[in-house]
Amino acid sequence: MTRVRTIVAPVLFGVAALAAWQLAVVALGIRPFVLPSPFAIGEQFARNAGVVTDAAGVTAGNALVGLVLGVAVAVVFAMLSATLRVVDQVSAPLVVAASVVPIVALAPVLYTMFGASVETARQLVAALAVFIPVYVNSLRGLRTVRPIHRDLMRAYAASGWQATRTVTLPGALPFFFTGVRIASSLAVISALIAEYFGGPVGGLGKSITSAVASSNYPLAWAFVLGAILTGLVFYCVTLALETVATRHRTSG
Amino acid sequence: MTRLRTLLYGAAGVVLLGVLWETYKALAPAEGVVIGGLTVLPRTSDIAMPHLWDIATRLTEPINGARFALNLWEAVLFAALFTLGVAGVGWLVGVVVGLAIATLMQRFRTAESALLPWVVLSQTVPLIALAPLVRRWGGQLELGAIEWQDWMSVAVIASYLAFFPVSIGALRGFSSPDAAHLDLMRSYGVGWWRTFLRLRVPASVPYLLPALRLAAANAVVGTVVAEVSIGLRGGVGRMIVEFAASASSDPAKQWAPILGAVLVGLVAAGAVALLGLALKPYRRAEVDA
Amino acid sequence: MNAVSVRSVTKTFATRGGAVTALANIDLEIAAGEFVSLIGPSGCGKSTLLRLIADLDEPSSGELAVFGKTARQARLDQDYGIAFQQAGLLPWRTVRANIELPLELHGMGRAARRARADELIDLVGLGDFADRHPDQLSGGMQQRVAIARSLAESPRLLLMDEPFGALDEMTRERMQAELVRLAGETGAAVVFVTHSIPEAVFLSDRVVVMSPRPGRIREIVEVRLGGAERRTDALREDAAFFDRVSAVREALHGAPVAGVRGVETR
Amino acid sequence: GGGGDDSGGDSDLTPVSLQLQWVAQAQFAGYYAAAEQGFYEDEGLDVTILEAGTDTVPIDSLAAGDVDYAISWVPKVLGSIEGGAEVTDVAQIFERSATTQISFKDKNITSPADLAGKKVGSWGFGNEWELFAGMQQAGVDTAGGIELVQQAFDMNGFLAGDIDAAQAMTYNEYAQVLETVNPATGELYQPEDLNVIDWNEQGTAMLQDAIWADAARLADDEAYAATTVKFIKASIKGWLFARDNPEDAAQIVADAGSTLPAGHQLWMTNEVNKLIWPSTSGGIGMIDEAAWEQTVSIALETKNETGATIITQEPPANAHTNEYVEQALAELEEEGEDVTGDGFEPLTVTLKEGGE
Amino acid sequence: MNAVSVRSVTKTFATRGGAVTALANIDLEIAAGEFVSLIGPSGCGKSTLLRLIADLDEPSSGELAVFGKTARQARLDQDYGIAFQQAGLLPWRTVRANIELPLELHGMGRAARRARADELIDLVGLGDFADRHPDQLSGGMQQRVAIARSLAESPRLLLMDEPFGALDEMTRERMQAELVRLAGETGAAVVFVTHSIPEAVFLSDRVVVMSPRPGRIREIVEVRLGGAERRTDALREDAAFFDRVSAVREALHGAPVAGVRGVETR
């Protein structure tokens, strides 16, 4: 019953929406540079599956590097901030600023700083975008040791490292994963948008604009579809990791 | 006392970043730190990392040689205001749409099941791919006396990014009341709508505020990127593109619109924080969302 | 006409592990003005029964009447007031606004509402706290606000699900005395869920002892230690009180407890 | 919003909108001058000039009916035409290509063949076809034989050596480089520091800025056809103004909101003039049939990095016509204007640091 | 040597509203193997006193000795086991791993740890649940795990802060009997915080009755109803039991309750 609802309902909705879209395009004679039909997009996607996959591979690669880098730095930094209060206090305004700043605006200067013929700038844009949610959530996780667990560790005369290992880190895990889940699709989008500002040719972002520039909208949409699927894969993989890692967190 | 300390530490952080910038620039080689062909730390040439004082000085100089040229900082300020305005409209639209979707999902469980995955999926669509199309879609609209303007397309894209955190946050907020509270309202024999107004809406405030802040940040990102994409004149996004032409010969100049973008983001977040102050009574059981 | 009349009520829940029978074939009549406690081990269906009476859930079979109407009608007519184990106050409302909530929802005017709320605030002894928010109150105080709220519309029937669970012994005893007085004064019938035998005995005219899996009424212990005026602290040290406590204990354990009975053999 | 609609809301004027292919700059000086000098108004037109962003495809705006005319490069439009857009090149304003591939002397890239194995910059967005045609002509493997880099809005990648040979418009990026201080000398970079591959010389030049009109409306809508002549005529008058008064034209563009530095703006005006004047096709705007053919044949044969060509079949006959520009030129000549600029002498613009 | 020795201990907390005196001048000696309950209204400092003994907090003045050492030394020597009102299990560990936690932290080998944990799991009757995670257990079961955990290292002193608060009456009574038996068998001294008078009386050798603001010991009621073998369900209906219940009630209320004393006058 619930399964029916959680799987069938969104699928039905999606199918209905696609059907309505197809119908509207056909019935109203909407031209492809306004909105191509889902069928045309699907056809282009199938026909260009190889090119789309290659492009998605480039963008996904950058997003992955950015994700891993951003997560790693965020976690290390969060641990530092959790132990050394001054690190947290000094970095607080910068973190706040970074969390409200449009990161992609930095893309042009990053290309200049790190080179325009390598993927570094894009990976850094993704990493910066990833850093914020992961850092903020991890720090919160590391800070929210339940008082009773802290007391317990003290009662056991546990060493600092023992307490960190047995209580603080596992307790922070759900928070950390919340951050990573948010960051996952962000990494893809950021890496993709960064391509608009330069760098080696080959990714989804550049492919979309190229297709648009030659008025090949169904192809552009096929790349968009590739981007959606890439984002979805990132999201689902992190979601699966999260589900496995935080199975037993509801009480205690 | 503690507030002052926070302020001081924060200021120290900003200063530290500046010192780090200049120290690194002074010490590191012009081509940056390259390991195995990969530049791992940035280049330090004046083009890549202008001196902070050059950036500051540049701000006080005219934007170009035109007859009535504004000083750069004035131009950036106007651009930032413009972007803020468009982002504000996008934010508002996004908030309204996000709340509407959340309300719908809260009201009908089937709607939640049917919509929620798509709401999540929507954010994997590269918005920039939509920018020229949104402009075109807008152009096709007949709005009576009102003509579709390019800034509206930008606002639409901003709202597309802004609605997401609001719909998720609001849905969580609307679902946050305890079962006991819901039972209570039922025991009073009041229907869904009044339960929604009296219980779910106020209970959602602590969830809504962080969502609104995220939405503000997203709206700014969307506005800046869409300005680039559509070429909308007046905002910092467009300024970033335009100033690129001087990026080599006048490297300090292009940092000005970036600072402008930072400013817009901070002001937007500040505005939401003010809203949070106004809603203080509803935040007594503050949660971290 | 009885306040509550439960006839052959069964309630099953569909769960992932199959159907759970929370209540099986319950028959119970509660007279107007009568104070009845429900006691029994965790999961025996006390809360479920209360929720059926309040029309917060519907029976799987059997019939339920509240003041001769359907439970639903009684709910819409606001024939009962209800208080839960947790106070369930709205954190953004002051004490007074919380108590006014049901009155406001049912369209009572501002001034009348306020007067009634102030009356109730005095009743539960929170005069100084009318404009505080719940987070500035202790658990016991919050519970008193919830009780005041449940009384706001002077219902003829009070449904209370472990309302004193969060209170310390002394506050709890004071609240018990207060509740007995209130119920006596307003002539309201009370259905009271508790885990505490002394509490059930102190408060009730009758104690309904339930057994779990599936939830059934095992025994109904008559208490009737006298009117509100008799229900003083002294009663708690009265032999009659201890006797009823033992009776409920035995009913709860299903059989006379093995070994010698205290009072007689000592 | 447009930058040039200073003609007020006079109801007698025919409203006309023009979609540029980039933001306000001297590349479009003629249109801004025509608006500022009242040439459009003289023809009874109220022209709104629309700027473009990175993702704007002017021809699609035109085909979608959002605007009345658009400026775009011919090769980009050929692709759109095959994609279904019905548009016509009604005036080929730029006769020559301004696209070059520049590199520092020490890279030793003097011909397209030298690009093999190099990091080659390109903006994409349909700006890359001449480059690909040139490389293909020289036998360079464009799929695997070069490293193609998406060029940013600036020339920093080139200056830092990330890009060996960068795409540069003579009127824009080339000047950007020459406005920058060479850290090795402390002086500005000099033309002598650079090798320039000019596609006009390589024979793979393609036609650039042209005025495009809606083909279907031209066929059915007489008023539109008449407006087209007026629009071309006034626009050409603007270009004549820019030729004869380059400093004023540059100032007009700056006043229209371009934030480019003044020196750079003047350089651009001057370089753009060189693309138009002197006209060898019989007058500004006339489409040279040979140049058109060259553009089409390159478009048919040149493969980009993904192996795709711009078009797979000849464009329809209505893709270009001289019908309207001829009328406009006739009227202008009648008014005594010099539409060929045979005696055109460009300025010598000295670039300063930062383009000021 | 006494298990716990509290001498003139005062504890004040600095709060925003000024200093709060949680405990004032407390003197208390608890012998080895003795079972002492702390009872008193909410906020009287029961938890605070327990935390001082456990060295989770430090006294503002006065002295504290646990088995003749400082509280800190006793903590480092792991002389006590502790259980809180909330079970406080680590949700990411199984029942067994939770019970093993203190053993693991103190370096006991894997096999020995497992054997000991299994022993304790049987003791609290959770044999079937050893490999479950806390979220798959009921509140009462979780509490039993916490109790098993507090017993893991067979401490000579058990500190328990309302450990049975979350249990239903029947489970609670069973756990009480179990605890008495365990304490008797291991000879451990127990300091037990509770709100329930019958519970305190049933379990304890002595009941320490406290009064709030500032927290003081009002009276220490001797109970001593006999060894573990006497502490059966029958005891709960014994007149001596009721007598001690009344005595604690009176001590709690500060003066003999007005009105007739039950048992004698009936």
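By letter and in written order, the chains are A, B, C, D and E; residue numbering begins at 1 in each of them.
The criterion applied here is as follows: contacts are C-beta pairs under 8 Å (C-beta built on N, C-alpha and C of every residue); 3 or more make two chains touch, one makes a residue touch a chain.
Note that the structure is predicted; figures quoted are calculated from it, not measured.
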item	value
Intersection of contact partners for chain A and chain E	none
Comparison of B-C and A-D (more C-beta pairs in contact)	A-D
Centroid spacing, where centroids are CA-atom means, of chain B and chain D in whole angstrom	35
Chain centre separation in whole Å, for chain E relative to chain B (CA means)	54
Chain C and chain D: spacing of chain centres that average the CA atoms, whole Å	85
Intercentroid distance (Cα basis), chain E paired with chain D, Å	87
Residues of chain D touching at least two other chains	54-55, 57, 60, 64, 152-154, 156, 160
Where chain A touches two or more other chains at once, by residue number	33-34, 108, 112, 115, 118, 196, 212
Contact pairs between chains, per stated definition	A-B, A-D, A-E, B-C, B-D, C-E
Touching residues (chain side chain D, partner chain B) in the complex	1, 3, 22-23, 51-57, 60-61, 64-66, 152-156, 159-160, 172, 176-177, 179-181, 183, 251, 254-255, 257-264, 353-356
Chain A - residues contacting chain E, complex	146, 148-149, 151-152, 154-158, 162, 166-167, 170, 173, 247-252
Chain B partner contacts - residues on chain C that touch it in the complex	51, 54-56, 75-78, 80, 82, 84, 86, 88, 90-92, 101-102, 105-106, 133-135
Residues of chain E that touch chain C when the two form their complex	39, 41-43, 138, 140, 167-171, 195-198, 232-242, 246, 249, 252-253, 257-263, 266
Residues of chain B defined as touching chain D within the complex	30, 43, 45-48, 63-68, 75, 128, 131-132, 135-136, 139-140, 149-150, 227-233, 238-239, 241-250, 254
